[in-house]
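Look for chain A in each of the two complexes below; its partner is chain B in the first and chain C in the second.
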Partner chain A sequence: MFERKKSVWLFLLPGALGLLVFYIVPFFGGIYYSLTDGSYRNAFVGLQNYANIWKNQMFVLGLKNTMELSLICAPLVWVLSFAIASLLNRLRPKGAFFRNSVLLPYLMPSSAMLLIWLVIFDYGGVVNRLVVALGLQRVVWLQGAQLRVPVILLFVWKNLGFAVIIFMAALQAIPEPLYEYARLEGAGFWRQTFGITLPLIVPTAFLVIILEWINAFKIFKEVYFIGGAYPDEAVYTLQNYMNNMYGKLNYQNVTTAAYSFALIVFGLFGVLFLSQRQLLKRLT
Partner chain B sequence: MKNKKLRQPRDRKLITRGLLMALAILMLVPVVVTMLYSFFSPEEIQAFMKTRGSYDAGKWMAVKLSPQMFSLNQYYEILIRDMSILHMFVNSALYAVAIIVGQAAVIPMMAYGLSRFRFKGRDAIFFVVIMLMLLPFQVTMVPNVLTLRSLGLLNTVWAVVLPMWFAPFYIFLIRQFMLGLPNELLEAAQVDGAGTIRCYFSIVLPVCRPILGAAAALTFADCWNLVEQPMTYLSQRTDLQPLSVMFNQLADSSSGIEFAGAALYILPALFVYLYFLKDILAGVQLTELK
Partner chain C sequence: MRKLFVMLALVLAAACCAGALAATGDAVLCREDDNRVYFNYGFGDGATYYMVSYDGLYTYHVGDADVENLAYALPEDMENTVNFDYFPFAADGKLYAVRLTTDYSGAATAFVGAELGTLNPADEGELAFEKLFDVDWEDMLQYYDNDVYPTRPEGIVTTGGSMFFRYFDEQGECRVKGFELETGKAIDFDVLNDLSGMCAYKEGMLLLAQTIYGDTSETLLSAYDTRDGSTQLLCSLELPDYSYPAGLAYDRETDILYCVMGGEIRPIDLQNGTVGEGVADMPIELYSNSSASILEGGYYASCSDGAAVRNLDPTQRAETRLKISDTTWSESVNNAYYRFSNSHGDISVVLSRDYAEADKLVESMMNRDDSVDVYVLDTATAVYDALFSRGYMMELDGSAGVSELAEHMYPALREGLSVNGHIVALPVEVHSFTVGVNTKALEALGLTMDDVPDNWSDLLDFLNTLGDKLPEDGKVTVFYQGETVEDARIDLFYRIFEDYQKYINHTDPEIGYNTELLRGLLDKLEHVDFESLGCIPMEDFDENGDYYSEENLSLLDLSTGCTIGNFYGDYMPVLMSMDANTPHLLSLDTQAAFVNPYTRSPEAALAFMDELAGCLSSNVRYCLDPEQNEPIRGKWNEEYLADLEETLAAMRESLESAPESDRQMIEANIHDYEESLEYAQAYSWEISQRELDWYRGHDDALAISTVNWLYADGTGEGYELMSQYTDGMISAQEMLEGIDKKVRMMMMEGN
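The block that comes next holds the complex of A and B.
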């Protein structure tokens, strides 16, 4: 650790300057727009925009869909990746092929995968063949509310691998003697999982869900790939709303929407953080 | 009884293996099939893609796994006859290079400052980085547009490139790795008279190779899948769009060459994956991610 070195500012300057110009100043500067009416006088209207935006159906729809989709995607990736990491951990030191193939999609552009997705989820496609083979009716996957299924699966396909890698690293960091000792004491599989694995993995699990959640807010990408710029109502996300408003040069609406969303996100992450702290306290 | 107990662990591993194998196939199939379809002739793909979107319950799309005739015509079309896809591919590559070079210059330096120095305000700066990392793109987009416009950068490539140079997530990631470096490493160099700058270039950077490689690969994956930024920051410049935003138009127009486009786009990602695989694994493993 270097103490009292002035040169630290040399290292920090470029990055801090960039963060200031492209993140911090815009963030606070934008608040001004959300508090004015956008007319030629640009009158100050207080929190009027914030009151109005909740009456805007498209905003509420976009917010609702973004929250719903992210509340499905993030936990889904979270649980699946933990399960897969545990399976992979059992095969250690073998299983590199499985691990590598799960990670591969993370580096793949999901934009290029869209073609295959359209083929697989077509009314006459492979997924429906499976559905029929299971004795069910064919489903129209690419229209209406069902559109969420291919969108979510594309997201999960791409993002699963990185979460698996993070969980695997955490699982491998748990010292093996802990389990041996537990086994000597007569603890079974579930006892070991709840007594050793889970408490030691809580901080990592917290990190993964936060990362996946941030990622899931960007699910507009997958929606855009599969549903285009004007998708079905069931997958109309906040980003769609903002793009539309931005296209109409309605900065008041977009900034107000942005900060309303920011408040919600920070509220959620705050709650998550506090509950993680509580959980850790109770477990140790 | 005894026999059963002996067999149990192997059976369990067999089930584990089976599950993982099924999973691996699910993960790989989309990539493999895309590659495969790029070697079909454009006419065959065109005819195949036309059978999509029929809601006749009596009809199925064919499950095609081998071409009528192996053909490089799709590649001929996109690489030689009509260069518009290639043009956008080059755009994508230029964005990726510009972004990664800028990040390499700025981000490890900042991470070094935030991890190996003790000074007033360090925790405050790191807290701000974490907060920025948590902000979804929807929140930063519009304020950013306003700034970029007043800087005169809107609708230029810099609008996409510059904000990405300071991506907070990578500052966080690399800082966490640098925190874990043993103190003795730098103390020994200091005794030998190396200053902070010498330490950075000749010790910290080389030692950080796994996390730098991992960060480069992850950021490449971001750049190769750019959608939101070019759509909003470059809304008036169709000539500057990367290939990633064009695939749904390609699918709609169904000209028979879309799979070669996709395969071409996958190829660099595949190389990056193979080249940085070890770094990603080691980088994540060695980073204190909490």
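The block that comes next holds the complex of A and C.
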């Protein structure tokens, strides 16, 4: 038994080493950077960097935009993916084509999708033709605050499929007799959804919202590709700020921004987990 | 035991003394303080190094202390209007020269001929030319209308009984040509693209270097055999970032090829195509076509910067190294470098002009790079701002010279160069430019300086009142003579924009560009009637037209110097604010030196900064120190004034006894000289009372120029938007919105 335990550590060693070198050491290294002044003396300044960064308008703007975009994108993806998963679940087993189609955007490279989006949302593109057909004025979608619309739609389009698959797996695990009993008792679609479906897929629902929220926090390359390092203020995200600071080799600001945001995210997800636990308790 | 201790002590003492000595033979020739001789090129022969200047041939015998200057003896039968240009060189112990003769007597300059001959000692201090052959120079002539000038040979090299040089033909192609010394027969080469240098090689061969510049430069080294005319590629050098090997010289004794790169003499490994570590520093600025020679173990080089000798034995190089990176080409740094180098034989000082070092400076500091000890940068760059704000500059309190200067400096300037109360940067050059008003033109228009507004808003209105005041004969214009409407508008736009940038940088960067103030100014600019101010519409402009006349006056110079020692002619600077409600600002464009906090030689670096503080030019010192108020006459001008006065006195004397037929001509000459004397007396000041009064009168507005955010990101988007506006492709509103969005965000992010 003792020998078995020793060999276990041996097999774990490469992974543990990788985790140590690429995650744990940088994590603590980053904390160290965020607590020093970045001068040639590298003096310890405590939380001064954190105090300074929260006074920086661009950091606050990036944070605000990141939160706003995530608050729009994540719930939107959640609602749409649940709806589509529910529909596809009803089409089983004939819905395979639609299932595969909805997953396709997730597999496409972002840069290729961006090019398509640039064409679609161009001033003379398909979207503006639709807008004109509806009797409205053309919109410059790729500049200014309007850029939020294509960015959000692109995010939704790209991430919908994966969420649908997760929801479908959860929906398929719900026993069919439950729905039969509910129908026999006279429950309609909405009653079944809120009474049976949603309560039974609470863990999955929370998983989807967390994953999509994490993905929404990472919205950057679409904005950068279209708007550059300094896009319109409405789409300037925290990633823009950190990317620009990294470009200027200001590691103090990069790490301080990252850890400040991490604290917010931990807090947010902490609230979500607690909510999930409470909800599960009430349902069971 | 006692004997052992004594011997040990002697050995230690010898070792210490050896460390304190400079490498044997190291010297800088013909450069004392700020004075230097401008050499065209140099060459060596045996134990003598020759340096060619415009005023003669300088010779230096190895081991001597002095340099001798020899002039070229004038031929007895030469005409006054004939000019001789000598291009000496040496071969096999003899001194030769190519002599080019031009005649200015006719209506047009005529080329008389080219000769190859020897230079022989004549009277004391002179060399007499003795012709051997006429040589063919027909394909090396330049034609300007009816004038014909001979092309000057560059980089003369002798090998295999022939002399070779390079020149540029009329099409701008670089060519090499040679002449056999025994027969005078010409040796022609095909066009050699990208030829960057050449030198004598072994066994009668000529070594040619061709450099293709780019992010990675490539230099091809080939050997041309003078015996059969064949060329063999020796190696290819891959060098970083627009680098090139300068001052190529081949040492026959050691079979090593040397070059100068990054301020150091380095050997080139022709087998592997690599450049080795530096064996000595090279204090003068050599270019790719600069010539160098190796004589008795020493590397000799000369150029417009002076001449220098360096020992090539790396074991003799001083252990303490000091490297200075200066891409601003500051004269103060140059002078400090020579003084420090000459007075500190135990320190090997290298002066580098590598732009790549400056570009990646922040990265170097993050990596604690100690390869460069002292940097010189423009304070308005993003790099300087990043280093200054993040504390990557060593405190200079340890330098007595800098501390003393800081004590006397204007407080506003000292604050701009200090971190936490400690001065960290030393200004080495300061400039500032503003609108200048020609006082004579103003007088001609019946106006005074009090009539000229000192803010842009009112000045733009004032311009529209000048049209009626300008004389019809065009003798007074508002802008430069022959300026087009478009050019005047663009020049004025950039001047206003630059002043606005300085205004927001020093007051509140968050004000941004898309403001009512700037929009208002640009709107006024668009309503200025430039044609009524003497500007020519583009459609009427003749590129070949001659619009300039010395008698005519231009009222405004949009970029006139306003720091002490930099005023221009009759123009009086007017410090402009944006409008009547904004403050005036005298923002000094500054180049500053600072010490790398990671330097391995902090004492040497501080000693250099000490020297630098003592080498600052007078105008820099006066701009920084309010207590310096004594006007200074230009030293060259004192001699010139004395010459003028002497000549005038002689002319007046000759007038008294001159015949009637010559009196008119002599009187006209006296009148011209009197005007010249009057002008020289007025403008011969290096630092004049007028400049002092103006500068001191505006010193409450002084500030050190800070980072220009518009250009900080290096993408050129700002320039692009401004060009689109000046070309009329976008409106002022669109331009300002485009610039504002990005620049405000950059400023608010910080560095």
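Keep this in mind: the second predicted complex is superposed on the first by the 276 of 284 C-alpha atoms of A that agree within 3 Å, B and C clash if a C-alpha of one lies under 4 Å from a C-alpha of the other, contacts with A are read in each partner's own complex, and residues count from 1 in each chain.
In this section, a contact is a pair of C-beta atoms (placed from the backbone, for glycine too) under 8 Å apart; a residue touches a chain by one contact, two chains touch by 3 or more.
In this text the structure is predicted, and so the values were computed from the model without any measurement.
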Joint occupancy of chain A by chain B and chain C, clash or fit: fit
Contacts of A:232 with chain B and chain C, given as first, second, both or neither: second
Touched partner set for A:262, first chain B, second chain C, both or neither: first
Partner chain in contact with A:7 - chain B first, chain C second, else both or neither: first
Which superposed partner A:188 touches (first chain B, second chain C, both, neither): neither
First, second, both or neither for A:126, with chain B first and chain C second: first
Chain B versus chain C as contact partner of A:251, first or second or both or neither: both
Chain B or chain C, by number of chain A residues touched: B
Which superposed partner A:39 touches (first chain B, second chain C, both, neither): second
Touching partner for A:56 - first (chain B), second (chain C), both, neither: second
Superposition-derived angle with apex at the Cα centre of chain A and sides reaching chain B and chain C, degrees in steps of 10: 80
Smallest separation of CA atoms, chain C relative to chain B, angstrom: 9
Chain A residues contacted in one complex by chain B, in the other by chain C: 251
Contact footprint of chain A on chain B as seen in their complex: 12-13, 16-17, 19-21, 23-24, 26-28, 30-31, 33-34, 37, 49, 51-57, 59-61, 63, 105-107, 109-110, 112-114, 116-119, 125, 128-129, 132-147, 162-163, 165-166, 168, 171, 183, 186, 195-197, 200, 217-218, 220-221, 224-225, 227-228, 231-232, 235, 243-245, 247-248, 250-251, 258-259, 261-263, 265-266, 269-270, 272-273, 277, 280-281, 284-285, 287, 289-290
Complex contact set, residues of chain C against chain A: 362-363, 365-366, 368, 382, 386, 390-392, 394, 597-598, 713, 741-742, 745-746, 748-751
Complex contacts: residues of chain A adjacent to chain B: 1-5, 7-12, 14-16, 18-19, 21-27, 29-30, 33, 66, 84, 87-88, 90-91, 95, 97-98, 100-120, 122-126, 129, 138, 140, 142, 157, 160-162, 165-166, 169-170, 172, 203-204, 207, 210, 214, 217-218, 220-221, 224-226, 228, 238-239, 242-243, 246-247, 251, 254-255, 257-259, 261-262, 265-266, 269
Chain C-facing residues of chain A, complex: 37-41, 56-58, 229-230, 232-233, 236, 241, 244-245, 248-251, 253
